[in-house]
Amino acid sequence: MTERVREILSWYGSDNPGTLTNLARLLQAGKLAGTGRLVILPVDQGFEHGPARSFAVNPPAYDPLYHFRLAVETGCSAYAAPMGFLEAGARDFAGQIPLILKLNSHDTLNDEKDPTQAIHGSVDDALRLGCVGVGYTIYPGSALRFGMYDHLREIAAEAKRRGLVVIVWSYPRGSALSKEGETALDVTAYAAHIAAELGAHIVKVKLPTAHVEQPEAKKVYEKEKIPAGTLAERVRHVVQSTFAGRRVVIFSGGATKTNDDDVIKEAEAIREGGGFGSIIGRNCFQRPEPQAKKLLDGLMRAFAK
Amino acid sequence: MTERVREILSWYGSDNPGTLTNLARLLQAGKLAGTGRLVILPVDQGFEHGPARSFAVNPPAYDPLYHFRLAVETGCSAYAAPMGFLEAGARDFAGQIPLILKLNSHDTLNDEKDPTQAIHGSVDDALRLGCVGVGYTIYPGSALRFGMYDHLREIAAEAKRRGLVVIVWSYPRGSALSKEGETALDVTAYAAHIAAELGAHIVKVKLPTAHVEQPEAKKVYEKEKIPAGTLAERVRHVVQSTFAGRRVVIFSGGATKTNDDDVIKEAEAIREGGGFGSIIGRNCFQRPEPQAKKLLDGLMRAFAK
Amino acid sequence: MTERVREILSWYGSDNPGTLTNLARLLQAGKLAGTGRLVILPVDQGFEHGPARSFAVNPPAYDPLYHFRLAVETGCSAYAAPMGFLEAGARDFAGQIPLILKLNSHDTLNDEKDPTQAIHGSVDDALRLGCVGVGYTIYPGSALRFGMYDHLREIAAEAKRRGLVVIVWSYPRGSALSKEGETALDVTAYAAHIAAELGAHIVKVKLPTAHVEQPEAKKVYEKEKIPAGTLAERVRHVVQSTFAGRRVVIFSGGATKTNDDDVIKEAEAIREGGGFGSIIGRNCFQRPEPQAKKLLDGLMRAFAK
Amino acid sequence: MTERVREILSWYGSDNPGTLTNLARLLQAGKLAGTGRLVILPVDQGFEHGPARSFAVNPPAYDPLYHFRLAVETGCSAYAAPMGFLEAGARDFAGQIPLILKLNSHDTLNDEKDPTQAIHGSVDDALRLGCVGVGYTIYPGSALRFGMYDHLREIAAEAKRRGLVVIVWSYPRGSALSKEGETALDVTAYAAHIAAELGAHIVKVKLPTAHVEQPEAKKVYEKEKIPAGTLAERVRHVVQSTFAGRRVVIFSGGATKTNDDDVIKEAEAIREGGGFGSIIGRNCFQRPEPQAKKLLDGLMRAFAK
Amino acid sequence: MTERVREILSWYGSDNPGTLTNLARLLQAGKLAGTGRLVILPVDQGFEHGPARSFAVNPPAYDPLYHFRLAVETGCSAYAAPMGFLEAGARDFAGQIPLILKLNSHDTLNDEKDPTQAIHGSVDDALRLGCVGVGYTIYPGSALRFGMYDHLREIAAEAKRRGLVVIVWSYPRGSALSKEGETALDVTAYAAHIAAELGAHIVKVKLPTAHVEQPEAKKVYEKEKIPAGTLAERVRHVVQSTFAGRRVVIFSGGATKTNDDDVIKEAEAIREGGGFGSIIGRNCFQRPEPQAKKLLDGLMRAFAK
């Protein structure tokens, strides 16, 4: 076990050895094993956006086994998906890669102004499928957010008692935020902090823009001259906002980019800003397999530096 | 046991041998035994639409025993109904045909824009009635859908623990969808995918039209030139959207058609597109018995090819 | 469904349709399907007598898959075994033959005068393994029998609620019986009756000798001139003692016989006396496979007459 | 993942992917990773024999951290101990080696003729400590064995539902066995078979002598000429008796030997006879650390061949 | 917080911060605060020996408030008693001294050869009374010990989940031990080890004599020349036997001694041997208050060195 992994584990003093063990499994799997950085393959787009929007551009990705194989062969740190996708391959790939069961999802068949998510998995499901942890999405900014926080509380308490890791997807959204505000620097930092306050071991947010949404926040950002000009600076601010870096923060890969270099550059900015890695779905499975493998390889090399 | 049945069972690696056994019973019953295809007789119209709308056209169908007998004599793969209809005949027909207990239903005594369903049966009921599985309807698109998904989670977890098969009726409906959108290709494929993600072993959807409802999806369908001109092509797309064919997808027969040939042609398109069969109610029990038997016989022959 | 199967099911009016369904599965499986007769392959000798005493004479039988295959290929009505043996093959053979989970067993590592059995399986295990029923042994005559009856009561109540069949191995044994008394006619008939009174759907006893053990019984057997000269007569008496034939009574094959004809003759006597079949282990798996298959074939033909 | 590990996992078709994942972790840890063989360090002697008898000969072994370190540094497949010993180091060594929580133990402060064990840990404890599985001891031959089997049933059912591996220490003991009989070939094979029937994924027994204890068994061993002259032959017989090698059987190292070669020779016989490895405590921690490491290194090399 | 307290807390890596907090409260209370040593006043003699035998010699001690006051005024680390005694003063003395609820006790109204204890308090009681921990007695050596271990398992699991400290009184007793054996060096060390294996945070044993009870142990003590000549050497052996000093071991004061010096000398031996303190009842409350205070003052000074 590397010093860095030991250091990261040391931040989780209120967790039991079971949760530390599963966190260590995550930090010691795949190509980035031991570096303290993570690249996770998440495939919940089918549920969130529909199958054609997710997979038609690369039809082999309709097959749930495709993603298991892609994650294993590229040396990802973990593979995260909702129950159906995990159930379809968990026996065939048992013991080959850490799994994360996504416990809730939103679908886009009804476009609510203040969205929430359906809970469609449990801690018991995570155990029977051999997962190292559970994933849960919250929508800070939605009028329904407090119900989501409350469910998370129950799920996280059970997960921790049973030695699992809790990963929170924190996605600002809802009637109180402008579209631009959803990825604003202040809002992203706030959302990451809330996830950590709710007990997340690992926090996932989107990469923030330089926009600052909330007027009261804006005054502070300007007065304190919080550096936000570069992506690395903004990542650093989010990491700092998440318990001064004492919680693992990873960033989502966002919509598909045609240019690999853009993805790699983002990874370098995440690394430079002290981020812990990427959770990158569409930019992987929406490329043909050879290109996805090439991109993931580049990504890992960027994070391994 | 045929190779095809073996292959289908191999897709369900996270299920216990009990569920595999009941899935095998379903796949080895009736005239289509061993083909990997299913024709299921569902009779929940009485609950969903009212008795006169359902049965007045063929009065013997008011009698619950009529449907058991029809399903047995025509060699259906299974008979599916709500609790009362099953209770009325389960002793008399015990061991003669696989049964599926429909656990929830909607009625049309109050026509909500965003409908949900009443849960009126349990996994325990399914066991005491000798069923191979439970059926559950979701309404993707309804504002109340997430509550339905959450209930399904609980029911499916218990059903799987006790070795039953979970069949999900996935019917897009609700304020966010146009009437045409309820059977749109994109929406149908999406609804089938969601049911599979929620852990369904068997997914039932309506046959899709070529209409594409969601603007974001439309871009993809056009750009990727997803073939949708023939019914077989659309079935193929739905099957692909349901875990690349690694989940059993069957199609509902829809409203009563006067012409048998139309029903048979649909079956041929389902078969050609890689679908796993039909779940056909009104086109059976709303015909006089001899005609219903003739139609079912033709249907089975179409699927047996 | 044959008239005979219908008639048998009609005897179980207090059972729910789930139990009738599983009983029907048993009566409609294998070569004797529909005849109302059963040949069941039980393999609990490994637990009861030890592996070498059970399998060394025919070493392929050490492998749990051997027995599944033997039962399937010879068209047995069911295969019965303790949990480990069933777990080893239940996925591979799912849906190919009705399974019975033996819930308790005795071992011969400590030879108690008044034996009892260890409970090593549950109704939940039977459901997750896809069994049609559970098997349970009682030792009428043992000082500990009432504890065994009491456990059976709990297990049978749960099994019946969940739609399973209850098969009771009723083996007189204990300090109150002579060695000869364990297979005495009066004791065997008494043991079969007790099993039926305890709620067994199917009762398994040993073939009785003409010996009458209990003095009080002896007076009646003599006074009433109960016919006991032939094996068929004795079988008839046991069947009559088990609710006048309104419960399925099957007979164990006993220790290995070298002569196939002896086994076949016993089967003919069982049939002639109105018995419902055999549950025959050692005489199957302690023969080389070809001879076992030949014997089972002969047995089925004897019962099919 | 090696072919051998895949093959071993394929034997456990009734287990969920969670249990397969933990079994894979065990088979993929330490120096023997991927070989399908295991060397496990168990330290329950302190509880079973008392601390001075266990550790005085090598005083650093009084410290629970010593054993974690020894197991990690020598590349053992797992470390097994009762709750206190695991609690003392589980945080410090989280993620460094698979752990097995011993759930019951006997102490020698009261020397019963028919011993049983105290249950002092739970499946919940195993999860909070991050274990891959639970260990449980049975005493076939004890008058109290059936109670132990029954407890094991409950514990194993819960462990399997939660994705843990069940390892059974099967140690014949009790008033019905002679001292020599406790390690007799027939008794050892019988004890291993019973553990597997009770649902153990991994069975641990002592290395058998050529003695055959039970008269009924003796007749069979002689008649069938079961080879028992060499240790490898006896191991082969035990492995065959444990579901024809479809369950992982490992052998205990027994009392301390002064000569390393004797231990290595036993390992070679285990390997030659098709055994899956050793679970070796006293011969490790009762040697000074350098000698223990040298011995374990030799042991692993013997098994890696 | 002193370095020594920090070090002691570091041994309990599998416990949650709640338990560490209560352990720290114990280690930071009274005159010995911060030294890593403890003097606890226990008053369960009323239950164990009867009131007159316990209190008649110093009648103010009949009053439960007397003991609270004595413990507070003398600067004890904690006060331990059964439920009734604690309930009588917990409000009046709330916040003045750490409390330990004794959860089980034996009474001497029936003198069994193989004693057990009555459970008369719960973890909930400890919480409502504001206790830092719970006390539980086991009798290693009793034929009934395994039942006591099993109850302790349940209680300790709950106490730890709720952040309480678990203190185990480990008193060898029962038909398998001679009277002398109850305080034998080997037996005391064994009893302390078992308590730690069962998950105790703090272990209480009697001061051992130089007698070695068990023949198998005697061989080891002689061969390894375990020093046992002085009380300090024997304490050191017991502390070593309790996880090499990584668990807090304290020693009971035993029967009333007339000479204060004897008590002080024992304390000095405990300190010299690395013991963590005393739990001293009769020598306190069976002396008149001024003498008790004087003795406790001397005791604390001996431990504070």
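The chains carry the letters A, B, C, D and E, assigned in the order they are written, with residues numbered from 1 in each.
The criterion applied here is as follows: a contact is a pair of C-beta atoms (placed from the backbone, for glycine too) under 8 Å apart; a residue touches a chain by one contact, two chains touch by 3 or more.
Just so we're clear, the structure is a prediction, and the values are computed from it rather than from any experiment.
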{"item": "Neighbouring chains shared between subunit B and subunit D, ordered by label", "value": "A, C"}
{"item": "Turning angle required so that subunit A lies on subunit C, C-alpha fit (0 to 180°, nearest 5)", "value": "180"}
{"item": "Same or different residue numbers at the subunit A/subunit D copy interface, by half rule", "value": "same"}
{"item": "Whole-Å gap between the CA centroids of subunit C and subunit D", "value": "35"}
{"item": "Distance from subunit C to subunit B - Cα centre to Cα centre, in angstrom", "value": "40"}
{"item": "Whole-Å separation of chain centres (CA-atom averages), subunit B against subunit E", "value": "67"}
{"item": "Subunit E: positions in contact with at least two other chains", "value": "13-14"}
{"item": "Chain contact topology (line, ring, star, complete or other)", "value": "other"}
{"item": "Interchain contacts, given as pairs of chains that touch", "value": "A-B, A-D, A-E, B-C, B-D, C-D, D-E"}
{"item": "Sites on subunit D touched by subunit C in the complex", "value": "11-15, 140-143, 145-146, 149-150, 152-153, 157, 172, 174-177, 186-187, 189-191, 193-194, 196-200, 214, 216-217, 220-221, 224, 226, 237, 240-241, 243-244, 246-247"}
{"item": "Contact footprint of subunit A on subunit E as seen in their complex", "value": "13-14, 16-17, 161"}
{"item": "Interfacial residue positions of subunit C with respect to subunit B in the complex", "value": "1, 5, 9, 16-25, 27-28, 90-91, 94-96, 99, 124, 127-131, 161-163"}
{"item": "Residues of subunit C that touch subunit D when the two form their complex", "value": "46-47, 49-53, 55-57, 59-60, 62-66, 82-92, 105, 107-112, 116-122, 124-125, 128-129"}
